[in-house]
Amino acid sequence: MKKNFLTKLGLKSNVRVLNNDAVAEFDDLHIIEAIVFASREPIHIEYLLTKISKTDKAYLRELMDKLRAHYDNRGVNFEYNDNYCIFQTSPMIKAALVDEFEETRDLSKAAKETLAIIAYHQPTTRSEIEEIRGVSSSKGSLDVLLGYNWIEISGKKDVPGRPLVYKTTKKFLLDFNLSDINDLPKLSELRREGLLSGYEDSS
Amino acid sequence: MKKNFLTKLGLKSNVRVLNNDAVAEFDDLHIIEAIVFASREPIHIEYLLTKISKTDKAYLRELMDKLRAHYDNRGVNFEYNDNYCIFQTSPMIKAALVDEFEETRDLSKAAKETLAIIAYHQPTTRSEIEEIRGVSSSKGSLDVLLGYNWIEISGKKDVPGRPLVYKTTKKFLLDFNLSDINDLPKLSELRREGLLSGYEDSS
Amino acid sequence: MSSVLEVKNHLIIDIEGFEGPIDLLLSLARSQKVDLKEISVFELAQQYINYINSQAALKIDIAADYLVMAAWLAYLKSKLLLPDEPIDEEEEYTAEELAGQLRHRIQRLDAMKTASLLLFEKPIVNRDMFLRGIPEEFDEVTKLIYNASIFDLIKSYINRQDDRVPESISIFKLDYLALDNAKNLLSNIFQKISGWANFFRLVSENKYTENDRSIAASAFSVLLDMVNEQKAHTKQEKQFGEILIKKIGND
């Protein structure tokens, strides 16, 4: 019965009218699974809404929850945030895969801090980064982060000398599993404490 | 290299440790699943044998059968022959999903070089681009960049032969987050930032 | 690498990985075991100075940044003992305000260090988990999105940037008479003559280029074609004698 229905998918809209909700759901679940599984890039939820039988976010969310549960204990997991879905290998079996697939080497402490400063203060300049870290050199860290495509140059600051400004990229959000930049850990707390601005601004 | 990953997983694994064979099989199944998922090419069965707990083809075959059965009615299928394993979108779903699908790609090296040269030297001609790149053909790259609307033909140069001249477009500025072409960092500025020092030597 | 940097790297290695004076201050502040907001800057300044002194006693090179901070802290410390009045003539900060600023900088670095730990402790793509290796395309894949950042472009540019870009290009004028031009030359000549005429003299009167030999060769080649096509008569009275030409018919 399931297969019978699937063979008619070419006539999607006509067929769906005739079939019951359960079949449509079975269908939709596998459409989402296929689309997301097929891609190396995260798939936007809005895109998925155009592919299933109802343009209904709550319904889609239900299906995504089902998929996540189905893959919960597997070698491959289905993950999503407010915007994107993706399949990725389970972090729990990382050790079996790192030799073959690992692309992100462990970064220096300096590079990690530089990334955090850019993420929380963006857009920001090299001298602002160095001011916060209290050191006068950050070029190596910036190079590494640019190379990973986690940050990008987004123009110049409108102050004397027109220094370059840096901000994080979409790839940064995706690689760190953040829905958007407001998803950064403790962001609102740090804002409230005035730690993301100068002393003057906060007092 | 036979690893028992679940033993590292805390409570869950403590429960499973009671039955070692079952734990190993649970691990092995998911390692196969993850490796086949993440691999950039169809995975050879001999390689999988080096990653699981037993170098035993019959055992591996059993696991592969289980995986195939698990994915039988899904949007994605696990397939194998005598040598290779692969995940593939279910043919029925694939047939149903015949329309636009976005894919992100990296620009070819040639296209990136060509775009960079046009950005920094505009307006410029094809032969000037080829002179800088040291190659005699850049038509393909120009076509890609024109197709992407990042460059446009802005007239003809007033020299013998009246060659076409190219310049970057508004869309280029938009896509690369530049408010103005003068926001394109100058080489001297990048050097001052201490960036790119490694690249000079590598050219 | 400059000597200052070498000194600093040396220092960073030698004193337990502190990356600059603020980092060192943060470490010392943590040892006070109170909330960083409540930290005693007076006490911290003394700790810092003691630490730097102890390092100097060990004859470790101290980078300028650390010494500048030590001097400033000594100054601040002494001012903190005085009544609350502006000590900085230009900006008119009180000692307590300067201490507040320092406290803020220490807290801010602490916050960023914590944030970086939080960011990197969670699973990260391509480090802890991996994505589909063989992406599949569905039929009618039409939309490709190209990934390229300004940094990619600059890298490409740097790799190609060299001195081969010419200042200007000069193209030499060709020093021979093309056959098409020779045909025009001969048709001009034939319009002017009636009866027999000296071919080479006519040609040399209608110079196109400086190279007479090239004109002669091209013109003669065209002339032979015309004879062949029965558009012209030629005759030569003797060996190496003048070549005479005459039009056939009226055209």
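Letters A, B and C name the chains as they come in the text, with residue numbers starting at 1 for each one.
The rule is short, and it goes like this: contacts are C-beta pairs under 8 Å (C-beta built on N, C-alpha and C of every residue); 3 or more make two chains touch, one makes a residue touch a chain.
Because the structure is a prediction, the values reported are computed rather than measured.
A.B. asks: Relative to chain B, which chain's C-alpha centre is the most remote?
C.D. replies: Centre of mass proxy via C-alpha means gives C as farthest from chain B.
A.B. asks: When the mean CA coordinate of each chain is compared with the mean CA coordinate of the whole protein, which chain is closest?
C.D. replies: Going by the distance between chain centres and the overall C-alpha centre, it is B.
A.B. asks: Between chain A and chain B, tell me the centre distance in angstrom, where each centre is the average of that chain's C-alpha atoms.
C.D. replies: So the centre of chain A lies 16 Å away from the centre of chain B.
A.B. asks: In whole angstrom, how far does the Cα centroid of chain B sit from the Cα centroid of chain C?
C.D. replies: About 25 Å separates the centre of chain B from that of chain C.
A.B. asks: Cα centroid separation between chain A and chain C, in whole Å?
C.D. replies: Those two chain centres are 31 Å apart.
A.B. asks: Which positions in chain C are in touch with at least two other chains?
C.D. replies: 130-133, 135-138, 149-150 - these are the residues of chain C that touch more than one other chain.
A.B. asks: Can you list the residues of chain B that touch 2 or more other chains?
C.D. replies: Expected reply: 34, 37-39, 87, 89, 94-95, 97, 101-104, 177-178, 185, 190, 196.
A.B. asks: Residue numbers of chain A touching chain B in their complex, please.
C.D. replies: Against chain B, the touching part of chain A is residues 2-3, 6-7, 9-10, 12, 29-35, 37-39, 41, 47, 51, 74-76, 87, 89-90, 92-93, 95-97, 100-101, 126, 137, 139, 142-143, 146, 152-156, 164.
A.B. asks: In the complex of these two chains, what residues of chain C are touching chain B?
C.D. replies: Touching chain B: residues 130-150, 152-162, 164-166, 169, 171 of chain C.
A.B. asks: Which of the residues in chain B end up touching chain C in this complex?
C.D. replies: Residues of chain B touching chain C: 34, 37-42, 86-89, 94-95, 97-107, 109, 112-113, 115-117, 119-120, 128, 131-134, 148, 159-160, 176-178, 184-185, 187, 190, 196, 199-200, 202-203.
A.B. asks: Please name which positions on chain B make contact with chain A in the complex.
C.D. replies: Contacts found on chain B: 3, 5-6, 9, 27, 29-35, 37-39, 51, 73-76, 87, 89-90, 92-97, 101-104, 177-179, 183, 185, 189-190, 193-198.
A.B. asks: What does chain C use to touch chain A in their complex?
C.D. replies: 5, 8, 17, 19-23, 65, 100-101, 104-105, 107-109, 111-120, 122-133, 135-138, 149-151
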